[in-house]
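For reference, the structures are reproduced in the following blocks.
Here subunit A shows up in two complexes: once beside subunit B, once beside subunit C.
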Partner chain A sequence: MNLAVLCAGLLLASVAARPQSRAAVRRPATVALLLLMLVAPLLSTSTGILFDALTAMCIAYGWNVIGGFTGYASFGNVAYLGLGAFVAAGFMSRQPGHLGLPWFVGIPLAVGIVSLVALAIGLAVLRLRGHYFSIATLGVAIAMPEFINWDFAFGPDGLIPNFFGGGRPLNFPLVPDLQIPGATLGADRYLFYYLGLLTAVAALATTALLSRSKFGYALVAIRENEEAAEAMGVNTTVMKSFAYVLSAALAALGGSVIGFKLTNMTTEAEALFSTTNNLQMIVIALIGGTGTLWGPWIGAFILFAIQEALRTLSSSDVFLQWQAVVFSFLIIVVVLFLPRGLMQFLRGRERFSWRVFLRNLTANRV
Partner chain B sequence: MTARGGAPLLRIHEATRRFGGLYAVQDVSFDLAEGEILGIIGPNGAGKTTLLNLVTGTLRPTSGTITLAGTLLNGLRPHRIGRLGVARTFQVVRPFANLSVRENVGVGAMFGTGGHRRSAGEAMRMADEVLEFVRLDARRDEPAESLTIVGRKRLELARALAMEPRVLLLDEVMAGLRGTEVDEAIDLIRAIHGRGVALVVIEHVMKVIVGVCTRVVVLDYGRKIAEGTPAEVTVNPAVIEAYLGKKYALGQTRAN
Partner chain C sequence: MDLLQHVLNGLLQGFIFALIGLGFSMVWGILNIINLAHAAFIMLAAYLAYFLWAGQGIDPFVALPLIMAILFVVGYVIQSRVINLVMRASVLTTFLLTFGMEALLVNIALRLWTADNRQTKPFYANVSASVGDLRLPYTQLGAVVVVITLTVLLYLFLDRTRTGSSIRAVGQNRVAATLMGIDIARTYALTFAISAALAGAAGTLLSTTSAFSPGSFGVFNILAFSVVVLGGLGSIPGALVGGLVFGLVNEFAGTYALEEREVVVFAIVVFVLIVRPTGLLGREGYR
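After this line comes the complex of A and B, so read on.
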């Protein structure tokens, strides 16, 4: 059933994404897509994979702002994903020494704090361009788990003692299933699913606003030619910093909701800061089409539809174990044969044919 | 904006830029009046583009001052200078290749001198007007990368014009154009001038300098070696020497 929802969603998103279609076709398709996502928990008993797809999509939309629109390929957004989860846990945990804030306070607070951290880091790394920027952000991804384990700040006698657990497990509060007369609403099936949907819709709406705004045009101008953009009056430093912060904020939003559902934050933080998570957002944006409004949506649904199909076929976890390898392979294949993602076909200038892949292979050589 | 009779719009005073031991621009001074077209010529490597980069803030002067209508431009970032009313074209054109022609120009209208007053939609409407002016309106929905070199040069001009500049700096817009295309471009420069924009034209094509400029500054090895009307500088011995060598300069003087 989840596979059917993903495929139907993919179809509706593709219709909504076609720029040459009239608004009279695109708007109803967007509305139908959102309605489908709203009723999905009624159609499917376990919405876990849909939750994964929607939160991953939110994070990929975040990567798309800096990597897609602005053209600064970040390899460090996983740092903000993980940090978002840990900061949210720090505020929401009911363990001693924590505030036990409700999710609708704790998660926005975490997103805000991560944004400030990203602003400070962004001002430093955005002085670099091209490969140098990418390498610096990779360093951010590697440094962040160490930062969380930094005893001076977060150790038992640190500045904010044991905020991230201080070596002991840090847990989000458990969410009980909701009891209503005549039924039980499972937290996983309903609450977390709708939280995931909220992150995805927030990311989509943010991107929609951005792509039509002067800010969005400034980012694309920077991607296309930074010197020309600057000469034309674009304050490149400020615009790039905003883009980086927005990118990190969406990563933190998705990350904190993922963490909330996981409940148990291990201080090793391997799962959240993993390379798989880091690559996943890039793969999603690339498959769909970077710098586009619907690219991450389409990319996420395709990726998780494949994952779901493999799971139903083999019923083993082999795919999950090999995920990083598969992602790396997908990056290479997509960059070589379809650098503009599937949006290249949806844009309608080209029909789907093998010749397009071959032309891309030769045309995009530097 | 009050017109202060005779006060220069752009004043470059003893501008110097050093790269290590090399003076790319040394003690260059000249003024640009409101509504003037000034030509800058000089052999390759004379420092023309460096001088332009000093005015637009791409490079900082080592010493000297550059002022626009009394406002000191030294040390300002390029986008600030662009918003104050100095627009430029690039010698090697730099279109936003994946954006449409219209969007390219729209960015100029969004972030130029009056950009803060304009929404994205209004900027696009203004882009349409400018595209009509440079006669690129028929191609406005195509990606900029699909334009030929002539189209790209026109796009470069349109983007700069959409910023509603007070001063427009043209860095070799004629390079790569053929005969009739040069004539069309000269007409376009005159039309831009007709809109009340002061221009600085860096050019190798003398037909353009003689055809549109009222005054010419000649650079050689980073120094200003001559200044005057096109007719004056073309017979100036120092200019002839810079372009053709000492022998020809001497011959010229003897003939005179």
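After this line comes the complex of A and C, so read on.
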């Protein structure tokens, strides 16, 4: 059933994404897509994979802002994903020494704090261009887990003692199933799913606003030619910093919701900072099409539809073991054969044909 | 005396860092690619050295030319068959491509060879010569000899041979080089192959000096970058100086600020980047 929802969502998103079709077609498609996502938990008994797809999509939308619109390859967004989860856990945990804030306060607060951290880092690394920037973001990805384990700030006698658990387990509060007269609404099936949907819709809406705003056009101008953009009066440093912060905020939003569902956060839990997570957001944005409104949506649904199909075919976790290998292989293949993503087929007059792949492959050859 | 030992450790480490930076710097300066798969090449070579030693009993220093040759071929094929296809695309494209390659190689290595720590340990590994109070590990001394030899050879190759001149010409002006009849695609492949071979040498040496696993190599991309930033892009002496300085910085940061080692090292690199963007010995790159 999840597979059916993903495929139907894919179809509707493709219709909504076609710029050449009339608004009278695109708007109803968008509305239908959102309605489908709203009723999805009624259709499917376990919405786990949909939750994964929606949160991953939100994070990929974040990468899309800096990597797609601005054209700056950031390899460090996974740092903000993890940090978002840990900060949210620090605020929401009911363990002694933590505030135990409810999720609708804790998660926005976490996103805000991560944005500030990203602003501080961004102001430093965005003075760098191109190559230098990307390498600096690699450094950010490596440094962040260390930062969380930094005894001086977060150790037992640190500035904020044991905010991230300090070696002891850090837990999000458990979410009880919701009891309404006549039925029990499972937390995993309903609450977390809708939280995931909220993040995805927030990311989509942000990107929609962005792609029509002066800010969005400034970012595209920077991508196409930074010197020219600067000459035209775009304050490139400020614009890039905003893009970087926005991208980190979306990563933190997705990350904190993922962490909330995971519940158990330990400072040793490096899964949130894993390469797989880092690769996943890039793969999603690339498959769909970087720098487009619907690219990450389509990319995420395709990726998770394939995962779901594979999971039903082979019950073993062979796929999970080889996930990072598959993701990195996909990055190479998509960069070579479909650098503009599936949006290339949706937006152009180009018909689907194998020759397109060949033409893409040889377009930038020396 | 303690201080002298630290200086020595730093310099010995620095020679291997210089070798890593050298290969990275060539591809960056001439192809304008930040090759994020550089660390993966180092990893491949380290495992080659390990398996040749553990399986066949071949001494890593004997296997070194063979491993460099293998990496040379790997590099040549990757550049001529794959990366050459996107050389005229945006910087983002080559970035993502090499990032994908790095992740692919490392994750395949993790699946095939697990995350176990390994070290190539010939009989002289982890043994040191003593000069007074100073300790000089044999494998690191061997590494210094290898690095100096390779650097001199590379310098002579780039400076004295026709092929070397064509590589430098492509780095200086791609269009003019084409007009002079240089085969750009081949030159790119050759440059990348040399860089991979140097990474191969570095990996072989590293496999003898300390234990490694697939995950322990990711840091070398940032290290190589830092070495190039410190020394300045596109010069062989620059890479050497950068490597030695980085080795010293790394050693002293590790001694006096063990916890925040990475932060200190990275802060220094960023500082150099801001104060002297062209590096300590640098001019404005090849471009």
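Criterion: the second predicted complex is superposed on the first by the 364 of 366 C-alpha atoms of A that agree within 3 Å, B and C clash if a C-alpha of one lies under 4 Å from a C-alpha of the other, contacts with A are read in each partner's own complex, and residues count from 1 in each chain.
Basically, a contact is a pair of C-beta atoms (placed from the backbone, for glycine too) under 8 Å apart; a residue touches a chain by one contact, two chains touch by 3 or more.
Being a predicted model, the structure only gives us computed values, none of them experimental.
Participant: Clash or fit: subunit B and subunit C on subunit A?
Facilitator: Verdict on subunit A: subunit B and subunit C fit.
Participant: According to the contact criterion defined above, which of subunit B and subunit C contacts more residues of subunit A?
Facilitator: Answer, by number of touched residues of subunit A: C.
Participant: Determine, under the contact definition given at the top, whether A:Asn264 touches first (subunit B), second (subunit C), both, or neither.
Facilitator: So A:Asn264 meets neither subunit B nor subunit C here.
Participant: If you stack the two complexes on chain A, which partner ends up touching A:Asn235: first (subunit B), second (subunit C), both, or neither?
Facilitator: Once the two structures are laid over each other on A, A:Asn235 reaches subunit B alone.
Participant: For A:Thr312, is the partner it touches subunit B (first), subunit C (second), both, or none of the two (neither)?
Facilitator: neither
Participant: Using the superposition on chain A described above, determine whether A:Leu336 touches subunit B (first), subunit C (second), both, or neither.
Facilitator: second
Participant: Now for A:Ile135: first (subunit B), second (subunit C), both, or neither, which partner does it touch?
Facilitator: Only subunit C; A:Ile135 stays clear of subunit B.
Participant: Let me test your reading of the model: by the given contact rule, A:Phe327 touches which partner, first (subunit B), second (subunit C), both or neither?
Facilitator: Second partner only, subunit C.
Participant: Hey, in the superposed model, what angle do you get at subunit A between subunit B and subunit C, Cα centres, nearest 10 degrees?
Facilitator: 70
Participant: In the superposed model, how near does subunit B get to subunit C, counting Cα atoms only, in Å?
Facilitator: Comparing every C-alpha of subunit B with every C-alpha of subunit C, the smallest gap is 11 Å.
Participant: Applying the document's contact rule, which stretches of subunit A touch subunit C when the two form their complex?
Facilitator: 67, 71-73, 75, 124, 127-128, 130-132, 134-136, 138-139, 142-143, 146, 150-152, 275, 279, 282, 286, 321-322, 324-325, 327-332, 335-336, 339, 361-366
Participant: What residues on subunit A touch subunit B, complex-wise?
Facilitator: Those in contact with subunit B are residues 212-214, 217-218, 220-221, 224-225, 227-237.
Participant: Taking the complex as given, what residues does subunit C use to touch subunit A?
Facilitator: Interface residues on the subunit C side: 28, 34, 36, 82, 84-93, 95-97, 99-104, 106-108, 110-111, 184-185, 188, 218-219, 221-222, 225, 229, 259, 262-263, 266, 270, 273-274.
Participant: What does subunit B use to touch subunit A in their complex?
Facilitator: 56, 58, 77-79, 82-83, 87-88, 90, 94-99, 103, 106-108, 110-113, 115, 119-120, 123, 159-160, 163
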